[in-house]
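Presented sequentially are two complexes of chain A, the first with chain B as partner and the second with chain C.
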Partner chain A sequence: MSDQTVSPETADPAASAEFAVPSAPAAWVVGPATRTDFVRYQGASGDMNPIHHDEEFAKGAGFPTPFAVGMWQASLLGTYATDWLGAENVRNFRIRFLEQVWPGDTLTCSGEVTKQYLQDGERRVDVELTCLRQTGGKAVTVWATFVVPEPGTDQENSHG
Partner chain B sequence: MANPDSLGNEGTDFRMDIERGKIREFARATGSENPAYLGTENPVSPPTFLTTTFFWHDGDSNPWPTVELDQQRGLHAEQEYTFFGPPPRAGQKLTCRSRISDYFTKQGRRGGEMTFVVMTTDFHDEDGKLVAQAKMTGVETARPPAEDATSGEDS
Partner chain C sequence: MSSLPEPSEDSRDVEPLIPAEMAARIGEVVASRTAVVEVKEFQRWAASVKDRNPLYFDAEVARANGHPDVPMPPMFLQQVALGVADLDQLRPDGTAGTGNGNLSFPLCPRRMAGGENHTFLLSVYGGDVITQERRIDSIVEKSGRSGRFVLVTWKTTYTNQRDELVAESTSSMIARP
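Up next is the complex of A and B:
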């Protein structure tokens, strides 16, 4: 880990603090996922790996069909989390890719607060975000840190 | 086979302009209707937006090809973004540099050695201030991932 990376270990353990954190929105269900979703994400991101859209290429590599770019489902968790805690407020977003996502999958995005604390005079929360497939298998886990602005400031939850 | 000598390799500086239309396209592609991305003149970028370095990262600025990760056995294991303030905003012109920052091996859960390689990219604003950092962890598994299509995890 870089010394510039903000991690919970660098927070003062005594600084665990009570303040109001917006409650997590209801789980967000996305899908059934389509090849069009994958291609649209690929075009937006610039990752044009053919394994995510070219049927023959994917089969040639031993997969039954193309599958989603992991960053697509990870980015869905970004959408869920920034709707919840504010686009301006994210400070760390760490993704672990687990199961692949296939055409026809229905994904469920949800999150929970794992810690709230003060760091460098800012109110912060750590959250764990999960994107589940319809099988119950985890496609992606994200650990994210957001600042929680004081009520009434400009940066308070920027999603209306 | 991945190349251990790639550890420490550093790309040349590259430029990345943060643009409103690109943020809008990315937000739409990731299911967002958040007015913080769609409803303002100079929106912040989404948490994973810096993946669009794909459009800016080429030639000598990208040290990743020197890792020579086997494409048949390669997976994206982890990706991390750290922001030292609000995420970059439309209109910002960032100067960026990537380096191969870590290289290590582990025994896989089902046997076989797995090789992990990390590329770190620093993003500096027009004043030279570090505003964001990206870390991409790739893994080369002992056998092609298609034989184990549900597993990209590292433990």
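Up next is the complex of A and C:
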């Protein structure tokens, strides 16, 4: 399920620095996605575009049903990644939206380290995060950078 | 996702996709809003993305991790100062549009999000006052495998009540004929 992503072993060794990075958690399966998931995200974010909850509106726009706000599935990857590496450690989060997510979809969120290095006196790690639909199609890809705190500091682990 | 313009050979003799009055708006500030961060709002948002990290919900856990109080989930930042749109003001495609400058490309009715890139610099807490300022960074016509399209890129800065830069973002939209 993660065969489309770069494994840590293939990252450029010249760019790596030696420090321990927490292992990626097991893939996180979310779903089946419901219209309630979409509506809850919309209510919480303030984007009330009816194309994400109104059947008639979505059909009128040429879609078979409402579909998820792209930022919902992108933020699921945020949840996965911050559980892994700590919410206060995220420095960059770059999102590419690919396939739409539909009611009934089962999503699998996973991530892998692509690079670890020292920058600005901080230990950093780049990760590639992928949200796959049950079809195998990619819904979202995220490239994120996290700081990896020194052991024993406050920010070492936020989510026991 | 390069923003370098790539005028296509065959675009010289056809009508440009970008009206002159839209091209003239590059650099314009299209949204400048200020709002207070509400803990309950970001907790609801965290739950909506199935994020039950106790850091966001339990002040004791937050303090044990070196925070003065529960921190805001970073990805909620772009929602903090989002305008409260009236439903009858939504555009025909359902989008609010107001935060992006209501750009109009009559030859390109099909729009889709391109991507977003967020750089986070500081933690944010309930009661912080966030000012979001978004400007049009570029509007370029490009040509890809499926034909001509318009790529719009916005840059957004987020500052707090101490005028500290909290985060910076770029986002893009693709409009096709």
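Definition applied: the second predicted complex is superposed on the first by the 145 of 160 C-alpha atoms of A that agree within 3 Å, B and C clash if a C-alpha of one lies under 4 Å from a C-alpha of the other, contacts with A are read in each partner's own complex, and residues count from 1 in each chain.
In the analysis below, a residue touches a chain if its C-beta (ideal position, glycine included) is under 8 Å from a C-beta of that chain, and two chains touch if they have at least 3 such contacts.
Quantities reported herein were computed from a predicted structural model and do not represent experimental measurements.
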> When the two structures are superposed on chain A, do chain B and chain C clash or fit side by side?
Replying inline: clash
> Looking at the overlay, what does A:90 touch: chain B (first), chain C (second), both, or neither?
Replying inline: both
> Looking at the overlay, what does A:99 touch: chain B (first), chain C (second), both, or neither?
Replying inline: first
> Touching A:137, do we find chain B (first), chain C (second), both, or neither?
Replying inline: first
> Touch check for A:151: first (chain B), second (chain C), both, or neither?
Replying inline: neither
>> Once chain A of both complexes is superposed, is A:57 in touch with chain B (first), chain C (second), both, or neither?
In response: second
> Now for A:121: first (chain B), second (chain C), both, or neither, which partner does it touch?
Replying inline: neither
> So, A:81: does it touch chain B (first), chain C (second), both, or neither?
Replying inline: first
> Who does A:44 touch here: chain B (first), chain C (second), both, or neither?
Replying inline: both
> Both chain B and chain C contact which residues of chain A?
Replying inline: 30, 40-41, 43-47, 61, 70-72, 74-76, 78-79, 82-83, 87-88, 90-97, 155, 158-159
> Which chain B residues qualify as touching chain A in the complex?
Replying inline: 22, 25-32, 34-37, 43-44, 46-48, 51-55, 72, 75-84, 86-87, 101, 120, 130, 133, 135, 144, 146-147, 149-154
> Which of the residues in chain A come into contact with chain B in the complex?
Replying inline: 2, 4-6, 30, 40-41, 43-47, 61-63, 70-72, 74-76, 78-79, 81-83, 86-100, 137, 144, 155, 158-160
> Which residues, counting only chain C, touch chain A once they are in their complex?
Replying inline: 1, 41, 44-45, 47-51, 53-56, 65-67, 71, 73-75, 79, 82-85, 87, 90, 93-96, 112-120, 123
>> Could you list, by residue number, the parts of chain A that touch chain C in their complex?
In response: 30, 37, 40-41, 43-52, 57, 61, 70-72, 74-76, 78-79, 82-83, 87-88, 90-97, 154-155, 157-159
